[in-house]
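Both complexes below contain subunit A, partnered by subunit B and then by subunit C.
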Partner chain A sequence: MNTDTKKEKSRLKKMVESFGLPRLLITLFLILLLILAPIVGADLPTQITNIIARFSWNGILVLAMVPMVHSGCGLNFGLPLGIISGLLGATLSIEFGFTGAFSFIMAILIATPFALVLGTIYGWLLNKIKGGEMMIATYVGFSSVSLMCMMWLVLPYKSPNMVWGMAGKGLRTTISLEGYYINVLADILHIKIGNLEIPTGTILFFALLAFLIWAFLHTKTGTAMTAVGSNPTFAKAAGINVNKIRLLSVVMSTWLAAIGILVYEQGFGFIQLYMAPFYMALPAVSAILIGGASVNKASITNVIIGTILFQGIVTMTPTVMNNMVHMDMSEVIRIIASQGMILYALTRKTEGSK
Partner chain B sequence: MKTNANKKGSFGSFLRRSSVPLMFILICAVCIPLSGLSPSYLVNEIVTRMGRNAFLILALLIPIMAGMGLNFGMTLGAMAGQIGLILASDWQIVGIPGMVLAMILSVPISILLGLFCGKILNMAKGREMITSYIMSFFINGVYQLVVLYLMGSVIPIKHSSIKLPRGYGIRNTVSLLSMRQKLDNLIPLTIKGVKIPVATFIVIAVLCVFIVWFRRTKLGQDMRAVGQDMEVARDAGIHVERTRIIAIVLSTVLAGIGMIIYLQNMGNIATYSSHSQIGMFCIAALLVGGASVDKASIGNVFLGVILFHLMFIVAPRAGAAITGDSMIGEYFRVFVSYAVITVALIMYETAKRSEKKQGGEQLRQAQLEEERK
Partner chain C sequence: MNDQKKTLLELKNIQKDFFGNQVLTDINMKLGEGEVIGLVGENGAGKSTLMRILFGADMIRETGGYGGDVILNGEKVSFSSPFDAIEAGIGMVHQEFSLIPGFTTTENILLNREPTRRNVISEVFGDRLDTLKRTEMDERAANAIEMMGVDIDRNMIISDMPVGHKQFTEIARELSKEQLKLLILDEPTAVLTEKEAEALLDSIRGMSERGIAIIFITHRLQEILAVCDRVVVMRDGYIVNEAPASETNVTEITRWMVGRDVEGKASSVSTRTHENAKTILSIEKLWVDMPGETVRNVNLEVKKGEILGIGGLAGQGKLGIPNGIMGLYEAGGKVVFDGKEIPLNSPRRCLDSGFAFVSEDRRGVGLLLDETLEWNIAFPAMQIQNRFLKNYLGGLIKWRDEKAIKEITDKYIESLAIRCTSSRQKARELSGGNQQKVCLAKAFALAPRLLFVSEPTRGIDVGAKALVLDALKEFNRESGVTIVMISSELEELRQSCDRIAIVSGGKIAGILPASSSVEDLGALMLSQVI
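Up next is the complex of A and B:
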């Protein structure tokens, strides 16, 4: 009997290990928050609405991690590069005078070539420095954001809705999307039951892209990508052009990030320029890790679970904390939880990828 | 082994290695006349900034020696230093004794953080830099928890001048008026209108001597061996993990002391932001001085401070002069800081890869070295 309990214990231990202790803690924490919310007097449907809304804004940015993780390029800390392509698309679409839902489509169309070009350069660079992707990706992101800070000031934007009123030039730090593509996706098939709202359109758009990525990963090229990620030497021996596949994955990630930021903006209602994209990679990285991904393994399920968990904590902690102790510690909790998750993932041993 | 390869490359490789400093000299040469700042002002500023930053940058050298790359986790030490200063200023211990007390307080915190950081970095070999970078964010969360919530509620803080009105937590800025430039002005000396912080320079010189001495000790040699090749070092009987942890602990402690010197010159602490950029600027300055991820000397530190901060002072003015918008220069210098780090990282990784490719070559050289021994 003694050995039985021991076995039981070791099995439990194994389960915890495979699930990951930090992940378990975060899940339990969110469940605790959900239970506490009604007790401390927060309106649960409103909370759930917030979580769903924020999930729909951020989902694609998190999805952008998947291709690069699959091809063994590690976590895409260079997400800001894709975000910049998206921002270029957004601002140019407004500059050219498109309005309403059409401005969203145009923003995507204009952002695409930028994402493809920047993604190709970025991918080419990452192929040169295999093994050190993540650190360099971080700094490629930073450099490009700070370069664009200058560009937003210098580029000859004219639209009065975007430039500083007094000077008549240089883009504002935040640009309202009122009259452009605010809530274009969210308003499609919008569901409202009491306090519970569901932005169906945005979720469907996310689902569509997620499905496309999932389908892609099951094509011949997609399988090759996974092979490159899990064992590059084997992939090379099997006649796969490793560099080409990696380049493709980086371009895909960058493009998804561009689309992701546009979807984020349509929900959020504003375009944020200058230093705003700077730290946008970190929430996306920690979200996918919380969802169960590791440095070289990620699935669509990881994306969905991770985004819900991460955004759940981000939205729930402030309300519950405020109602409970009148002390807003949410920012600190968010930092510790999300960075702790990234640290945990970085210290896990991973095979291959070099 | 490495010096051999470098010698072979002669002029071309010299140019490649010093391309970053040369580029900076060029930027400064263009920007200085444009900025219209007087030479005496510039010299004054550079001397001040040298005293302010050199100690912090020197703290980066030891982990580089141990092959752990640029220690983005030096922010940890900076936070420890700030906690020390906050406590010392709350206890109203002024001037040099206050600084010394802050240093004494910071050391155990730095050691603890350094141990933690070192342990984690040992679990993430091969990705030390990104891990230490994320580590700085993680500990920043813990720091905020301590300073924003625990100070005043759990850790007693007496004076309301540094406490938030709500009764706990520290204000956004803590004035260090009682310690302001006390070390800099300890031995006053002014040459031709240039104020020289003699005492600060003496402290920095002591640290330089310490680093030179440390390199020659058994531990310093071990670190270099670990930096060259972990497996070989392990076979030679060196306790690799322990050596690496010591390197990080030393760096963190030095960064803590360096932060206190930095802040006494500034005269106040921006409680929630002083530390956050410090790692980036120090690393950028070191790289501008011609250092690389795996090789840095004391000379790089001083050259780096001069060039980087010269650019930092003149860029906004020069930018304003060219474009009529001062923000351009501001963004330009931020961009340059990041771009320098990016380029240095790329150069390091490509060099590492080409080194790997020349595996056979390396083997031959290793054999030659063995023969020499």
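Up next is the complex of A and C:
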């Protein structure tokens, strides 16, 4: 009898361990919010629509974490660098006068060379400071954002839709995508049942990129990337050029971030410049960690689960909490969840290496 | 002469195992006041463990303590930390320096035992803030240095010193402790020049005259004979012999050290000669910058189809040879394989030419600990030879062939008897012996033409040892692969190899047939030790 309950307990403990305590708590919290939502008077289908929409916007930014985690470069805190490449693509596409869906394709095409060049420089830098990647990445992100804050003002953009009205130069902080590529992906095969909407196109686009990454990790080079992350010395002894593989992962990550921000914008409806990229890295990092990834292991499943959980909490808490306590708690909870998750993951890294 | 002196230290039936792996068995030893004994033995014979027990090192307690009694001055003692051991009058000079680089000699010698004077601040905040009495410190340091009989600068900063002086500073620190009765010197001369070593030996004699007993661990047997009263020889965790230094000689000690089989009869396996075989690998003027295993100038020829053993003491450079050739550490020289020169410092080029390497650092270099056995075994062959891949779009996409990977893994799991739950188990979860078999499987899967195996049996149990060695021999006999096997265990080399090259001082000291006597091989080992 006693041993039975003990067994039961240890099995439960094992389950919790394999699923991860934080992930479990956040899942339970999200379920609680979903149950509470109708009770406090929020419309459940609208809430679910929100979660799905936000998932579709953010999925690729979270996916951008995967290559660098695999190659052992850690979590890409330098995500803003890729985002900036995306923003350059977006603004230049508009500047050159492209409109509609074509402006989206052009934005991707223009962003790509920026992402490749910046990613290469970033990757070269990360190869110089092995072991301290994540800290350096954070500062690369921060400083690139600050540099671009100046550049957005100085660069000779002319398009009246983007520059400050009075001065006629310098880009605005927020640029509407109306008439350009707003919802270009979301509107493909768009589904609407009552209050429930699904941006099928965006999700399919995410699925395509996720599939490509998954497939890449099953190829020879992808296998080498995972091995480099798992044990660089082993990889070196097996004749792998470790630096080259790491560089490739950083370029991939940067490019995905550039595409990710364009997809985000088409759903959100605006291009956000200046300090906006600054705040994009941490949510993406914590999303993949909530999804169950660690500093050196991440899968596509981690990306999907993590993005749903993280975005679920971000969207649900304001509605539910505001209705319950009439006080805006959402920001506090978001910060606790995201920063706490990062902290937890970083402590787990040292545990794993023992 | 020991009989007249009072017994200072007695060890009775000391036993120690690490997780079931017996490293010390039934150690009995007596040490009189002022007596100098030389403790010798191969690497892994248990010398360091024994000294750690004496010194109350933490790692002994953490791994389950030890059996038997340590009796100091007629009282049974059991130190729970090195501090207790120091308190009781035991001093130890380690192989690695434990000095503060930015402090002067004097400060290091008297660290934490400085004579102090109370001042206003320390009256308030406690004695950690007392003023140091610099002049008295100087005097005490000078005394300690004088006791050694060498001249080192008291005010020099440690980081500016030659290694020899650092070693003397460590010894002076121990000497400056007034309660010191027993000093353990763990290979103190390893880093000293000849002249400095000479001075150290003199100071050992001086200390002995003052009544300090000394346990002197070294690989340089001449030094032992020159300075010690008695020699104690350890092997495989036993004390195999002890003798007054005046009644023995280097050859005899060597034989005690290395010979499992004191008669020194031929190895059990018939050795083959490959005199007529062509030279498949020739190494000329090889140097390798591998920390702790520097290779200085190695010239070596390997015959096709043989198993060549490379032996030697730790730190003499035997491990540097394969690591340098395989491009894991910076190397220079000329390596010719089958008529073609192999560029150094490029792991890929070596692997492409048909070399494979089983590293001595199983966990660090040999395995992907967090990946499956399938990955571990198939990875190098996949990356280097494009095997276990399916090609799509005319070879543009190289897809991992999971089925082929599983097949080859299962094949090796069966043939090498790797004990695991499945081919998808993580390498980390296997025991040391089974991990080693995975490393071998990884190398075999490459179907190499030349295989370097470094310390194939390090840290694995007897059963697995035999299996690993047999697997290597079988691989050599059946596939005709030339094997270069590097090992610290002479007996293992004698059993498995055809010829044995002994490395000493970063050079090949000589090559002998595997049937040579242990004494001959042992003499070579010690011939050029630096």
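Here, the second predicted complex is superposed on the first by the 346 of 354 C-alpha atoms of A that agree within 3 Å, B and C clash if a C-alpha of one lies under 4 Å from a C-alpha of the other, contacts with A are read in each partner's own complex, and residues count from 1 in each chain.
Heads up, the rule we're going with is that a residue touches a chain if its C-beta (ideal position, glycine included) is under 8 Å from a C-beta of that chain, and two chains touch if they have at least 3 such contacts.
What you see is a predicted model, and the numbers here were worked out from it, not measured in a lab.
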Which of subunit B and subunit C A:K297 touches, first, second, both or neither: second
Partner chain(s) touched by A:F234 [first = subunit B, second = subunit C, both, neither]: second
First (subunit B), second (subunit C), both or neither touched by A:G132: first
Which superposed partner A:A224 touches (first subunit B, second subunit C, both, neither): second
Of subunit B and subunit C, the chain that contacts the larger number of subunit A residues: B
In the complex, subunit A residues that touch subunit B: 77, 125, 128-132, 134-136, 138-140, 142-143, 146-147, 149-150, 153-154, 170, 282, 327, 329, 331-332, 335-336, 339-340, 342-343, 346-347, 354
Subunit C residues touching subunit A - in the complex, by the definition given at the top: 326, 328, 347-348, 350-352, 357, 359, 361, 364-371, 375, 379-380, 382-384, 386, 389, 397-400
Contacting residues of subunit B [partner subunit A, same complex]: 120, 123-124, 126-127, 129-131, 133-135, 137-138, 140-142, 144-145, 148-149, 323, 325, 327-328, 331-332, 334-335, 337-339, 341-342, 345-346, 348-350, 352-353
Interface residues, subunit A side, partner subunit C - complex: 218-221, 223-224, 226-227, 230-231, 233-234, 236-241, 296-297
